[in-house]
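Presented sequentially are two complexes of chain A, the first with chain B as partner and the second with chain C.
Here is the complex of A and B:
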């Protein structure tokens, strides 16, 4: 288990995290989402050891003296890498640091990446694949993926997800993904964390979240319903209710609808921005 | 490179040099000595330039390498190159670049590397940072050119003359019998860095948004200071 306790972090004067607490269970896949500027990428950077918290601590659960970075694979949104190297050189360099065998770059080969070209010559999608192939080759126990998948075309994204699922099935690592494209990882994530202005606004398993959120179509709904967001759709009023425990009042069953993850998260975002 | 190409041409064009008796070799050695002075800072200032150019800073920081090891890999070859160049220039007759002794030279190199590195990552592209670097280098150069015992005696004298501070002048007699270690330079220079320059950096608040680099610099300072002692000790003994 990874435990982040009372973490605080600020970029200069701008405070991003204050007394932040989070526990990640071994082997679970967590999606962190939320509006921009709430600290999603900062959490990944802190977990990856790129940033050091100003206060608080991160316990990766390893014996004392173990560098957690040895067991972590980090794919940042900046796609930070030695771009002047070719993928083969980068794989060799990375393996040299981790003391493992260099990646065979099978993932990149499958996507038709020319391995003799410099990384800066590759498209963004190809770079993501190369970097993913390299960082996964060290058999990490913690995989951190920032919001980079939007720049990968659907075909490459499919290859990438299949590879990731294979690694998850074989090695059972903890995976933390920052994502704003919920459709892609709806079936991959076990748990969703929504970061709002005041820290963690939602921390729920995906199945439970879907079971507890409903779209209620009605002009007015009883005040007992905790409404996340109200919107006008094609002339009727839709209320997103979370948590939805039981039907209250005389609303017809066909007016209470289930929602997919994208709809739910969009409603949370809207609520965070104060849209109603 | 431009300086190296231009220097012989300037020498050939400058007829006054013939009159003063400066030979072509002396002129070139002087030019290289000047280049060396610039290189001391430039090499450190650009220590992480390849990583920055490649956008690899974040990647490097996520690798399981202790930050102090990373710095030693970067600093040691540079110190070696600068010392070899200095040796070459000195052999050709530039009088050890006017340093009091080898320990003065070494401490200057190490210190300049630290300052250049710190400003290189915190204040890159900032003219305030460049000006500070320039002023700092002059100060450190002056410090490195004075025998360490004189520096310490000056410190003791200054304290003794100040009102409300204890009179330390009896210490001067004791100091006459003490052989000052080469690491005195390091203590003076790093004292200068920690007490004057770092608060100055902070006051100017150079590129505060570069938090990752700033935190890296903070981590780097201590190992670099620790590194400076054995380097100066080893090379000068």
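Here is the complex of A and C:
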């Protein structure tokens, strides 16, 4: 279990997190989402130990004296990582810092990366795979992936997710990903956290969230329904209802529809922007 | 192969379980046949390996499969003949059919008539 307690963090005058609390269970896969500028990436950087909070603390649950950074694989959103090195040099350098064996870069080879080139010469997708190969080689207990995966093409994406799933199956690490788009990765998540203006707006298991959210198509709906967002879709009115408990009033079953995670999160996002 | 409906509110482990049970009961999967490894299936469907593990555990509890240490998970012998399994699957298929037909705006009489007509047609064709 990882505990973030009463964390506050600001970049200069700009306060990003205030009295922030979050617990992560060992072995779970958590997706963090929400509008830009709410502190999603900051949370990852704090967990990774590359930022230090101004107040509050993070307990990774390791024995005293353990440096959490040694047990963490962090894929940041910037691709500045070891730019001027070759993948081989970067693997050695990284292993030197953490006192581990250098990555065999197998994942990068599978992605067709020429290991003698500088990292800045590689495509964005290839850079992500080199980085992933290096950070996963340290047998992490915590894997943090910031929102870089959307720039990886589908072929490399498949290689990358196969590798991640293999590591998840073998070592059962805790995984935290920051995502804006859930297409094709929503079934990796156990739990989703929506970070809004006032902190955590939603923190729920994916199964429960999907069970409790419905798109209701109707001109008017009974006021008992808690509506997250109402939108016009091709001439009909769609009301996103959360939490949906049971049918109220006279609405045909086919007008009460289940939703995927991207649709649900888009509705939360719209609610956050005050669109209605 | 199995597929997950992202828009369904039925949890992924449950969707997967129903599809595997259907494959077993319908004979698409043979008795004693080995199921894919957790890693293989999780990677192919891009789902959390813990989800596949949960599906396999439930299938084992329900007696459809048994895991052999170090070898994998296998379809249990004799499970296909269990009448209760067939009835359960048949009931699920019927529920699905009814809800889809109702979604088209048909009432109970129309659904029964339509079904009876089709069945008669099939019998005559045979």
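To be clear about the criterion, the second predicted complex is superposed on the first by the 275 of 276 C-alpha atoms of A that agree within 3 Å, B and C clash if a C-alpha of one lies under 4 Å from a C-alpha of the other, contacts with A are read in each partner's own complex, and residues count from 1 in each chain.
Just so we're on the same page, contacts are C-beta pairs under 8 Å (C-beta built on N, C-alpha and C of every residue); 3 or more make two chains touch, one makes a residue touch a chain.
Just so it is clear, the structure is predicted and the values come from calculations on it, not from any experiment.
After alignment on the shared chain A, the placement of chain B and chain C results in a side-by-side fit free of clashes.
When the two structures are aligned on the shared chain, A:113 is found in touch with neither chain B nor chain C.
By the document's definition of touching, neither partner reaches A:221: not chain B, not chain C.
Of the two partner chains placed around the shared chain by superposition, neither chain B nor chain C is touched by A:24. Angle at the C-alpha centre of chain A formed with the centres of chain B and chain C, after superposition on chain A: 160°, rounded to the nearest 10.
Using the contact criterion defined above for the overlaid structures, shared-chain residue A:168 touches chain C, although it does not reach chain B.
By the touch criterion defined above, A:132 lies against neither chain B nor chain C after alignment on the C-alpha atoms of chain A. Residue contacts after overlaying the shared chain place A:76 against chain B, while chain C stays out of touching range. The minimum CA-CA separation between chain B and chain C in the overlaid arrangement is 27 Å, rounded to the whole angstrom.
Of all residues in chain A, those touching chain B in their complex are 10-13, 45, 48-52, 67, 69-70, 72, 74, 76, 78-84, 94, 97-98.
The residues of chain C lying in touch with chain A in their complex are 4, 6-9, 11-12, 38-39, 42-43, 45-51, 99, 102-103, 105.
Within the complex, the chain B residues that touch chain A are 50-51, 53-59, 61-66, 208-209, 211-212, 215, 219. Contact residues on chain A toward chain C in their complex (touch as defined above): 27, 29, 161-162, 165-166, 168-170, 172, 184-190, 207, 210-211, 213, 252-254, 257-261, 263.
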